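Look for subunit A in each of the two complexes below; its partner is subunit B in the first and subunit C in the second.
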Partner chain A sequence: MTRTRMTTVLLPILVVLGSMAVLLLLAGTNPWDPVRTIVEGSIGWPPFEGGSGRKVGDTFMLWVPIALASAGLIVTFNAGMWNIGIEGQIIMGAIAAAFVAREVSVSRPLLILLAILAGAAGGMLWGLLVGVLRTAGGVNEIFGGLGLDFVALSITTYLIIGPWARSGVASTSGTNPFPDDALLPSLGGSKLSPLAIAIAVVALLGVWMLFRGTLYGLKLKAVGRNRPSSFLMGIPTNRYLLGSFMICGALAGLAGTSQAIGFHHKLIPAISGNFGFLAILVVLLARFQPVWVAPISFFFAMIAVGSPGLSLRLDLHGSLGGVLQGVLVLSAMLGLGWAAYLARRRATAAAESSNE
Partner chain B sequence: MSGFLNAFGQMFDTATIASIVAGASALMFATMGETISEKAGVINLSVDGSMMLAALAGFVVAFETDIVWLGFPAAAAVGVAVALLIAFANIKLSLNQVAVGFVLFALTTELSRFMGNSYVGRPPVAVPAWDIPGLSSIPFFGPVLFQHNLIVYLSYMTVIATYLFMYRTRKGLELQGIGERPEAAHARGILVNKLRYFYTALGGALIGIGGAAFSLDVKLGWSDRPTRNLGWIVLAIVIFGGWHPLRAAIGVLLFGALQAYAINLIPEFPSLSQVLPSIPFPAMILALVVVNWKALLKWLDRYPFLRAILRSDPPTAIGTPFEVD
Partner chain C sequence: MPSPLLILFRALAAALFHECLTSHAMSLELREIHKHFGPVRANDGITLTVEAGTLHGLLGENGAGKSTLMKVLSGFHSADSGEIVLDGKRIELASPDDAIAAGIGMLHQDPLVFLPFTVIDNFVLGSPGSWLLDRRQATDELAGLCERYGFNFDPDIPARLLTVGERQQLEIIRLLWLGARVLILDEPTTGISADQRAKLFATLKALAAEGMSVIFVSHKLEEVADLCQRVTVMTRGKVVGDAELPTPPERLVEMMFGQVLDTHERDDVPLGDSNLKFDSVRTASGLLSEEPISLDVKSGEVVGIAGMEGSGQDTFLRLCCGMRTPTKGTVSIAGNDLTDQHYREFLDAEVKFLPAGRLEEGLIEGLTVTEHFVLTDRDTNFVIDWDAARKRSEHLVDQYSIKGTEASTAESLSGGNQQRLLLAMLPAKLKVLLMEHPTRGLDIESADWVWEQLLARREDGTSIVFASADLDELLRYSDRILVFFSGRIIGELEAAATNVDEIGLLIGGRKAGAEGIPT
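Coming up: the complex of A and B.
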């Protein structure tokens, strides 16, 4: 069973990657070049040996928000919710962490702890808001979330050109860098922060545990599969939906915190890096399995760090990486759908022949 | 306070109203397309991306051939292709429409950036202006409605045609039937899934034409992600409009008015010049939130007249595949 499922996922991906390679060949580019540029520009070539420590650190530090957001989305997806508001939750986490980093002055460990807690709380509140709109207001979470994404983005832009404007000229390039004390401690010469990595790993493990061995996770899944029957079985469905949004929001807020005090070291308008939407693709490709989220997130982080090199070296636009991600997820989805369709057809054919 | 009022006062000159009407064409087409598609039961969540890729296709074809009108069929073809993929994944493979739509949104957006990169900043091609003889000289209505170009006039006609088709023809009734009660439609001998393919494709074509209307008429030329977020607004307006073409058209004009108002506010609040243009996006979606608020709807139920105007119920079978047993 597992083997057939592996081939049904891998075969369409290989076919599509093959046809992309042919297209690149026709366009006069060696298809190996972009792959190598992305790997070389992120973890180095040969991997983890040839590259600069700075880039490897960047790759891991972008893995953190993608993995955190994906971990959160697994929770909301299992509850049957499309949390498109995750972008806003990442942004509000970043804003809350930035607030602590800018305005609070205590000893360094306490400051970082406070920033992390504030980030999680900021994302959680923004997630809760989507959930309240959904449960109390009957507003579809896709649109409530999208609206709150726009609101969060407007708040960031306002803060950056308004109250938190860079000293001297206000510009959309971002705030002043945060004080050194507020930044996540990192390994020398790179942004790689063991603390951030540890938080992301714990989050992934936690989500895996949640759906592997807890009653809460089981009930959440039941709510996602069939809300009316779960309600009749005595599960307070709305409370569980709100819970899933709060968990996802908190994890997204941590992703924003890592972006703010771990990667950019200041607040910028594009602080979310679009990683919320990217995480939706990760989770769809990982088929909601935390185990697969880790490697896929890492691959996507490599693309994020490595693809700017495409335009410098090969004169290909950096969005090729994004195209690759979209093609991967779409082909895996259609491949699985096609396999399931064939299985259904075989099953009905078998049922009909046994009837005769 | 007076700042808000000043900017509001400026909303009522003929030129501003005319520019709102002219600028609405792209959203009009796309909104009608999405309304038709959802009415048939298929949500095309990819609008934000497919409109963008279609806008690129329209511009590229018009630019390379130097014939502006050729851009529209090219853009429509892109919209149809994406829509058919969603319909196929949902109808044939029983995949989740929202998931496939979202992935296609991401993919088409990135494709438009990748393929459009070499067209950034190329000289624009524009739909030529054409005043309708006679009608354009009517005071007020002339400049507001009839001093634009063929694409803008076509956008009004599309709205009217969608409305008449949906609510005044037999085929339109079938369209509503396959989105509301596919089983009943099937029992009456209507080919539900075949029609769903057709109407999703038709909706996709209109979404594509909306994209071309943007790059060839509303904001000329190509830049990185020119139609960004407009597709999400389309999806919101369809709900805001309660899946009714005329109400959706009002939603489009309302969004245009909000945008014009935000621009008018900039001279009054220069310090917010970076934030104001983006305010209509959350404002529109929050308007949707209010309109859909359960408590408000309950209150509306007491006033049948208001309910008919404001309440919006989605097509019952929206988002669910229909399978013949």
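Coming up: the complex of A and C.
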């Protein structure tokens, strides 16, 4: 069981890396160079020793939102929901945290605590909205979520060029930086915030626990797999669907909070960094396993931080990182389809054997 | 105006077609068929001969390997080894397409009819060739076949308006039209009315008389005994016996089970207070909207629901458990008015509903047996104690004789074992248990076991309300039988004072003249 899971997760990654290497060889580049460039540009070479602390910090601080959003998506996926609205939930979390950071003045620890809580609440409400549209309005969560993504994006843009515009200039480059008191405490010289990392780790552990050991998690899974049966068992299915959206929204909101007061230190239009969409891919690659989310998110964070170096160091376009991501995900989906096919064949064989 | 040439061509085609239908009987031989699924030997060296022009029964309990064998014969599965010999010629079947081209047609348990399509579109759908479609000619030929076998279809209505029995008829003549000379019927009497069954049997006898070889797959002894001239009995992937019919049924039962089963006579349980009460209940429109229903089901009582599928039984059962809310009247459980409450409140009032679709509306695919017990155990804590849950689950698997382990997924269990799991998941205390087709698709042994469990619940005052298409089951286990017809209750009968004929007539919408029926 674990062995098949290992191979279904690792195999596509290895296949992609292998085929990328062949492509690069054909293009006349040593395949090792871009790998080294990405690693060097993110966590340094040798890893965590050479390189700048700033880049290492950046990598970790991009890992945080990807991991948080992925943790949230594991919950909605298990409930059978495609929470495409996660982008909007990240953005609303960032906006709520930005509001606290800009408008509230209390002591520093309290301010940061409030910003974090507000961020979680903002994402949670935006997630709840998708859920309510789904359960009460019959709006498919994919369309509802996508619509709310655009709404959230428009609200950010409005705030940045409107009420929260930089003094004197209305520019889409972002708001004024938040006061220092509102920023997540970080390790000297970098953005690396132990608090943000702790939150992401706790979130991943929490989601792992949720589905491993709790009745709530099992019921969510039941609802996701068969709603009529769950309903007949007496599980309030709509309440559980809403619950999954709220949990996911809250975690996405925390991701947005980390982006706002931990990384960009201001509100920008692209505050989500598309990490919500990226997280969907991470979760699919990780086969919904929180354990795998951590390294895969880190891998993507490294690509995000390190791939701009490709064009500087080598004569390769920086979008190679994006190509890598895309191909990875496609092959992961193929792997997933293949695994499902095998499982179905096994199940049919088992059913046939017990029926016949 | 059709040209003379076309008329001539049509006449020729019709003649050829007729020729095909009446001549060239086929004998069929299966030699040493092996089919394994992983470690499981579904067919373990089956040898079987079906003479041309006979009705051949294939009898066996669920899981005996009948369906696998027929799927091999109809090209759906390919055998691991073995030969299929048709008229002395060995044939290879790689797909159902090959099988029908060779003259082997299979009527599946659920007729393969596309419900939104019209009758005629369904009829021509499987015909070979993909471009030229002569609907008019096909309509004529459909009409010809209908006349020949006494069927009656309007070719232009959508197939969803046909009853299950009519869909079968359509499927049979479609297979004949495609040139089937060997017809396989897999459990064809599931879900059709007694009338339609009689008609089906008459048709099959007529077909056999014309030289058609018919293989009738069933786990119902009486049907095979009624219909067939020869029977082969299968158990656990092997042929365990052959017999010319008629033969004493005890002998067949012995072949199937190795022993003659007792028929369980039910003991009466004294009836108690009202558990489920309907007072002038009706819905706004559609089924059950015409006549208000008043009904009182006592504790310990078993009420059977008869009727053709879709006559209002579904709606009735859902009204009983809060999945539907009546527009008029009141529904009470043990004296408490729950009329406007929903399913969850009914569940809290100890009302439980087990619909027909075990994997669709009962169990959850992908979850294990243990996980099912955890979900339905009211005492489970927020943090699950998996060790305790597994122990409890192993105990229940044992107690309910579920073939499988605590870690088996729901979908890996066979139908009978899924039903056992569902029963094992029921709460210990129940006021009302509602079921649809409690033993559909189960072998005799499992069905008896299920009823043993259900009847035992009466001792604790549970009322059982069940819908079934099996008249024997209704008569044997009910105290009272409600017959639904066309969206209303057409008859309410004391099970002890009625018989199959009376119920059969009522199901068909005819009230028996003799006895006064309280409605």
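Just so we're on the same page, the second predicted complex is superposed on the first by the 320 of 356 C-alpha atoms of A that agree within 3 Å, B and C clash if a C-alpha of one lies under 4 Å from a C-alpha of the other, contacts with A are read in each partner's own complex, and residues count from 1 in each chain.
The criterion applied here is as follows: contacts are C-beta pairs under 8 Å (C-beta built on N, C-alpha and C of every residue); 3 or more make two chains touch, one makes a residue touch a chain.
Remember, predicted model here, so these are calculated numbers, not experimental data.
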item: First (subunit B), second (subunit C), both or neither touched by A:Pro228; value: second
item: Which superposed partner A:Lys219 touches (first subunit B, second subunit C, both, neither); value: second
item: First (subunit B), second (subunit C), both or neither touched by A:Trp292; value: neither
item: Partner chain(s) touched by A:Trp45 [first = subunit B, second = subunit C, both, neither]; value: neither
item: Subunit A residues touched - subunit C or subunit B, whichever exceeds; value: B
item: Subunit B versus subunit C as contact partner of A:Phe277, first or second or both or neither; value: first
item: Residues of subunit A contacting subunit B in one complex and subunit C in the other; value: none
item: Sites on subunit C touched by subunit A in the complex; value: 37-40, 42-43, 62-68, 237, 343-344, 347, 353-355, 360-367, 371, 374-376, 380-384, 386, 403-404, 409, 411-415, 417, 425
item: Touching residues on subunit A, where the partner in the complex is subunit C; value: 213-216, 218-219, 221-222, 225-226, 228-236, 346-356
item: Complex contact set, residues of subunit A against subunit B; value: 82, 84, 133, 136-140, 142-144, 146-148, 150-151, 153-154, 157-158, 161-162, 172, 277, 280-281, 284, 316-317, 319-320, 322-323, 325-327, 329-330, 333-334, 337-338, 340-341
item: Complex contact set, residues of subunit B against subunit A; value: 45, 89, 92-95, 98-100, 102-104, 106-111, 113-114, 117, 229, 232, 235-236, 239, 271-272, 274-275, 278-279, 281-282, 285-286, 288-289, 292-295, 297
